[in-house]
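Naming follows writing order (A, B and C), and every chain is counted from residue 1.
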Amino acid sequence: MNLKGTDILTAAQFTRDQVEQLFSVADGLAARLQKGERLRTLDGKLLATVFYEPSTRTRLSFEAAMQRLGGGVLSVAEAKTASSVAKGETLPDTIRTIANYANAIVLRHPDVGAAQIAADAASIPILNAGDGAGEHPTQALLDLYTIRAEKKTIDGLRVALVGDLKNGRTVHSLARALSLFKVDFSLVAPAALSMPTEVSDYLRARDFIVEETNDLARTLQKADVVYMTRVQKERFADQKQYEKMKNFFILTSDLVKSAKENLLVMHPLPRIDEITTDVDTLPNAAYFRQAKNGVFIRMALLAEVFGN
Amino acid sequence: MNLKGTDILTAAQFTRDQVEQLFSVADGLAARLQKGERLRTLDGKLLATVFYEPSTRTRLSFEAAMQRLGGGVLSVAEAKTASSVAKGETLPDTIRTIANYANAIVLRHPDVGAAQIAADAASIPILNAGDGAGEHPTQALLDLYTIRAEKKTIDGLRVALVGDLKNGRTVHSLARALSLFKVDFSLVAPAALSMPTEVSDYLRARDFIVEETNDLARTLQKADVVYMTRVQKERFADQKQYEKMKNFFILTSDLVKSAKENLLVMHPLPRIDEITTDVDTLPNAAYFRQAKNGVFIRMALLAEVFGN
Amino acid sequence: MNLKGTDILTAAQFTRDQVEQLFSVADGLAARLQKGERLRTLDGKLLATVFYEPSTRTRLSFEAAMQRLGGGVLSVAEAKTASSVAKGETLPDTIRTIANYANAIVLRHPDVGAAQIAADAASIPILNAGDGAGEHPTQALLDLYTIRAEKKTIDGLRVALVGDLKNGRTVHSLARALSLFKVDFSLVAPAALSMPTEVSDYLRARDFIVEETNDLARTLQKADVVYMTRVQKERFADQKQYEKMKNFFILTSDLVKSAKENLLVMHPLPRIDEITTDVDTLPNAAYFRQAKNGVFIRMALLAEVFGN
């Protein structure tokens, strides 16, 4: 139950109790920060952020979380060009070495399973910050935490996941993480980009109501939360099909205003065109608040993993 | 008057009182550092340095200033290759996101006006660290502060700006900043690289004496401060013209020794050939001391913007 | 004797007393860290790590050492692409500028002698973190410290240096550093990659027993320490010769088990194929512990150079 010393590899590893404990720790830390308190929980600890793919957003979010707790950071923004990797060093050797410098490692890597390989090699906790098309568990946690922060509860909501459900690791992790709560799912995607059956079967086997559709406007009549993702033009063989599909999946302020009241609009960012900028000023738009919640939930996770 | 929470976008935004207040704060901070005091004014605060163009000098200067005040840093040395930018995220979206991680953002960007765009998007202060051929206000502040530190006063001095006055954002910002004081100007440039009339008209409209010349040696007979900049070979269509011009604009130790007594020699750096290295050991050479003053004035600015 | 304010440029600059003093300081710091004590010896000090060649290992090791002592870091992971260097700024100018931001500079540069050039320019201590095929003195210190930590003594041991002894700056520095102690040397290399006579003559002139051989298995019957390095395929004109030679220089667990008891296995890392991974789990394998020792010895060095 206790996360002390644990690797964070997949959204599927958490129990509901653990997730709720993280929410509660995050709430407490956020409140203390907002009162202007200087936290020193991780004073003297070092977190290495090792990014084989650049990701300013996730790297800075972890580095902010660590420093807000009083800890220090060792930053490798471009691990791929590092000389030891260029000379042919294996990932386990790199990780075993860095494990001698830091107290925990945040790893972003293009290969599915890289975080597990790192965890097997390291004597210190590994936090998976995205392993290719695999998992991105702290993104799922911050998404859950945002729904809870904005809606006060997750149970009883209908959540619409929209866009490229086939290729997005974010929605795969989030769907599994949401299954810890009592929610209904609307999966809104063109047939060519529908949720992998592996994920939708996972939900149905657990008795969730899972609706699959490509009608965004109708879905928004009943959804409490809409989680937009980018429709990836480059995945379409037929560009006419893309042009047709993408029109269903642009969220405008008009659409939000005609949707169910208090619709919560989320997006993992970066956003390209799938949410028009006139939505940004609506109270419904939570996607930049998501980024702030990411710092709080990662603070909670670091505090728990370091055992403070 | 108070700079708390203010964006720092242009050298033109400061009043003389504000500039003198910054000098006074910088003096105080420098004195406390030199006594070996450990400052904790910005303990618990985070400064993000977001550089779309690499600039080790300006980035490290801000990061040193922040850490000397006890604050922490989130560093993006190569924002252009960051994945969210590569995926097509807009500058306002990137800034809005990072604004959730840090308490202020230092931005270097290749486009004129980028700092203003960022300031419009962000809920936290933006400090312009250079926006293309636009402004670089903290460079102008450190230049003023250096003249004041070395000469005890700025009023009453004759300042010669030398070199490529057409293309250098540094001299544009500095000329405007100097207009807060009672100085005489010598603008020393080949005709092809003379100061834009926009800037020289600005000075003349305020009743400043502005001499334009291309005779460096004669100017140095009366100037108190010479601010050298690089003549940019690539701007000349006619290379013979370049060869002829650049000879007027190489400052040697012989030239310094035959100049007015106590001539102050400045340069924004990097220096290529326009100041020979035999000048470096003369007491007149202030260009490396400028770099040190940059840390002190940026400390003062950060302390004021954060409101401490 | 005292290292306060000293540049660290070559392994040859240390006396035996200085090295033993560093060991003793490193032991003390390591013990305090292991008890969970938070060190603040370098609170308020800034270390700039300026890497013209990427080296995650060495950079992070120094940055960890500095932060473990309570100091701060200014990090330039890719100095070569920095704008001032791209514009043609000389190394002395770059160093003189950064010397105004930090209290000491760690420099990695591709050119032999670069650290000396930097030291001549800077008013603050320069720590050489590798200058081309020249020196890497802190690597030699951490190697000595590891032998001492693992074997309790260095005097009286037989040390086998194995692999590409011609091109490896690590073994050149280590051989000279070992000459402060009473050791016997086995230099194990193919003829084409044998130790430069400059180094072997240095040892023989000081009355050391120096055996040169290419028989690894026989050497391991009597060696107390084996220091493996990579045989660099690209140096061989004749690939058949390479294939033949590299087989002598792959250390397997079978070889370790048939060697002299308690053989200490070291490697500067990154390791490619010259030590098989089945050696990793043997107690003899010290190469990842070397990385940890690197942090301790660099902490000691920083503490001494800063004079605390």
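Operating definition for what follows: a contact is a pair of C-beta atoms (placed from the backbone, for glycine too) under 8 Å apart; a residue touches a chain by one contact, two chains touch by 3 or more.
Quick caveat: nothing in here was measured; it's all calculated off a predicted structure.
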Chain contact graph, described as a line, ring, star, complete graph or other shape: complete
Chain copies touching (chain B, chain C) - same or different residues, decided at half shared: different
Separation of mean Cα positions, chain C and chain B [Å, integer]: 40
Residues of chain B touching at least two other chains: 75, 77-78
Chain C-touching residues of chain A, taken from the complex the two chains share: 43-44, 46, 48, 72, 74-79, 81-89, 93-94, 96-98, 100-102
Chain A contact footprint on chain C (complex, rising order): 38-39, 53-57, 60-61, 63-64, 67-68, 75, 77-78, 269-272, 288-289, 291-292, 294-295
